[in-house]
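Two complexes, one shared chain (chain A), two partners (chain B, chain C).
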Partner chain A sequence: MNKRGRLFKTVDILLIALMIAPVLCAIVLKVLTTPASDGITITGARIYFEIPMPIQNLIITESQINSWLVMISIFALCLYFTHGLSVRSPSKRQHIAEWIVEKVDGLVNGNMGESFASFAPFIASIIALSAFSSLLSLFGLYPPTSDINIVAGWAILVFALITYYKFKCGPVNYLKSFAEPIALTPLNVISEVATPISMAFRHYGNVLSGSVIAVLIAHALQGLSRLVLGWLPGVLGEIPFLQIGLPAILSVYFDIFSGCLQAYIFAMLTMMYVSGAFPAEKYEERKKIKEKRKQQKKNSQQNLEVN
Partner chain B sequence: MLELAIGIILGCCALGAGMAMIAGIGPGIGEGNAVAKACEAIGRQPESKGAVTSTMLMGCAIAETTGLYALVIAILLIFVAPNMLVNVLMGVIG
Partner chain C sequence: MIQTLDVISVNLWQILISLCNLVILFVLLKKFLYKPVKKILAQRQAEIDKQYADARDAKDSAELSRQEWDAKLKAADGEAEKIIKNAKEKAERQGDKIVSGAMTRADEIVRQAEADASLELKRAQDDIKREIVTVSTALTEKMLEREINEKDHRALIDSFIEDIDDDGNE
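Right after this comes the complex of A and B.
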């Protein structure tokens, strides 16, 4: 075993603190800014402040702040996992990091093929960001993924990637791909535009519906416990005993399972759409034709020089 | 009179939201079919459980989309539309 000095441990503790600090920071912000209310309410993201901009004020909401905090947290987590890498005596965390990297590499290779192997970090970051954002609701915070603006941003990014890979064979082929059966051109255009919309709505709708249902059930349990214990005098009648623990069972499905599943599905769809958008055979054909033309040009130039 | 108009707006929004969620039937049936077929496949070939399960989850997620469209419309009808429609009404009345 290699010796680990005091400096190593201090850096470790600092990284762990950097991991936890954003979550605590978000909780403090939420406690400070949320006004006290008597009942349980369903609200959107709270607006923290607005920055004046020439066209329209830039609105900084809870979901933006939370997603930045999640990013800081994931950054610290990655640094923690990769801190003190060694070939001879790998530590536990190095095994975990290697397992994650291997899994993501396998996923990307299996779904997109070898030519897209460089996509693995992007896919891993999408999964991590989406999953941790959804898991933020376990701390009672507003999950950024239940705001459509955040998820729509990711979906637009994926749409840009899809369009980039469709453009690889030139603009003519890109336009031709819409008119494959000529009669269905409008439908093809609609389905192309519907891709990012459906991706954004799928992710956002799943997370949001989970939180809405959780709030509704918590509200119902409050009413039910009032009905059962309401006849007791004073404070005793106010104890919401049914609210203790029962909503947590739902949270296992709606927060943990659904959040992680949506992250996985978003990443899978990204991989499938991007790899499906790239016409590999046509691209290689074009490459060959271009090379032939180049060679022909070279040959003709040489001929001219000889002549 | 104004109260009646606003009441009609609120009631219709709630009704519309409820009717929009009828769309939940479709994904329910579709996902049920998908899971039933996946169970059959796993029963026939237990060794392909992993691949079948992940494919089934993908298919379920895509089948769910139509239901989620309905959910988004219902949420818009409950949280956004009443405010907007009442504002429009106020604008018309002046």
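Right after this comes the complex of A and C.
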């Protein structure tokens, strides 16, 4: 490390700052814009400003801003991990970076097969974005994943990928698969459309319910401590002692565990659906057919040349 | 006063933006995490492969030179054996020659000695004969006291001795 010089260290520090700055920004923004209130308010994201657009106004909300900040953080983290890679003497962070890449590669290969190896960065970005977004609530910020719009965007992207791969298997097959038993056609269509909706609502609902329960319990504990310890003189009576402890444990479950679990589930479902839409055998079959066609073309060309 | 959204509110533009966000993050991760790390991994793999190949080459060449030296050693062993065999044969031949030379020489000596001995014997016999003749002549002269024909006498004694000789030889 000592050999790398001052410039390297400066860049390191800048990158770390770039990682932390977005979170600090979000916290500052939150503190500045939050009105002091005592009651229970469960609402959606805060609206910062609106831009008039066709169909619907574009609303820039807390969840938008926060997800952008998360993206900046992840980007800085990537740069930090890949800063100063070396073949011979990998640093600790390089080990971590390699571990992440290999793990995600292994996950994708195990669940989707070799033909989808190029999906690894996509899966990694889903996991990273979802997990870090959910983890924002650890800082008391609004987690973007508890906004249906954000998660719906991802689910629609996944749906588009599924449909694309089903089409790749043959458009006729795709359309035929809806009318497999003809009587059930409407159900088939509904189940197809339900995929992204269920994905979006599963993720969104889990994160939102977590924060709702956390808020409810925190407020309940505040009320309880006021009731039980209210007789204490002066300021002591105002401090909600019972809020110490339980909310932290709940936060470990709802923010860390549930957030990471939902990210993992979303990524797994993505892999399952996409690879299910385009099975490896069919991929091989199509490849073979294509090669055969190429061979035939070549042969015919050669024949023409010979003649 | 800052407004908030409802808990569930759908906004198309927000959905679109979030979709784009995911795509952008995908591109970023691919370009800034996957590409460099994969490159490094590939380089490391290439280096390891190269080292393995080098080691294999070195082992092969060592094996080759070992075989070469084995062959050379075997050839040298054969050469040494041949030289020893030749030397032995030569020594044997020479020894035989020497022994046979010695044998013939010994035979010659023996024969010479035998010849000498027989000659000596003959001479001794002649001497004895002559002595006897002389003695008997003198004896007879004394006994008879008279001169006899020496010539007849000698012939008589010779025949007598011849008889004795024959008797002795039988």
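The rule is short, and it goes like this: the second predicted complex is superposed on the first by the 272 of 307 C-alpha atoms of A that agree within 3 Å, B and C clash if a C-alpha of one lies under 4 Å from a C-alpha of the other, contacts with A are read in each partner's own complex, and residues count from 1 in each chain.
Definition applied: a contact is a pair of C-beta atoms (placed from the backbone, for glycine too) under 8 Å apart; a residue touches a chain by one contact, two chains touch by 3 or more.
Note that the structure is a prediction, hence the values are computed from the model and not measured.
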Open item on the list: Using the superposition on chain A, tell me whether chain B and chain C clash or fit.
Closed with: fit
TODO: Considering only touches as defined above, state whether A:Glu98 meets chain B (first), chain C (second), both or neither.
DONE: second
TODO: Look at A:Leu224 in the shared chain and tell me whether it touches chain B only, chain C only, both, or neither; answer first, second, both or neither.
DONE: neither
- [ ] Using the touch definition from the top, say if A:Ile265 reaches chain B (first), chain C (second), both or neither.
- [x] first
Open item on the list: For A:Thr33, using the defined touch cut-off, is the partner it touches chain B, chain C, both, or neither? Pick first, second, both or neither.
Closed with: second
- [ ] Scan A:Leu208 for contacts with chain B and chain C and give back first, second, both or neither.
- [x] both
- [ ] Please indicate which partner A:Ser198 is in contact with in the superposed arrangement: first for chain B, second for chain C, both, or neither.
- [x] first
Open item on the list: Comparing chain B against chain C, which has contacts with more of the residues in chain A?
Closed with: C
TODO: Please state the minimum Cα-Cα separation between chain B and chain C in the superposed model, rounded to the nearest whole Å.
DONE: 7
Task: Footprint overlap on chain A, comparing chain B with chain C - done: 42, 44, 208
Task: Contact set on chain A toward chain B in their complex - done: 42, 44, 198, 201-202, 204-206, 208-209, 212, 261-262, 264-265, 268-269
Task: Complex contact set, residues of chain C against chain A - done: 1-26, 28-30, 32-34, 36-38, 40-41, 43-44, 47
Task: Complex interface listing, chain A residues touching chain C - done: 33, 35, 42-48, 53, 55-59, 61, 63-64, 67-68, 71, 74-75, 78-79, 81-82, 85-87, 90, 94, 97-98, 100-101, 120-122, 124-126, 128-129, 144, 147-154, 156-157, 208
Open item on the list: Using the touch definition from the top, list the residues of chain B that touch chain A in their complex.
Closed with: 57-58, 61, 64-65, 68-69, 71-72, 75, 79
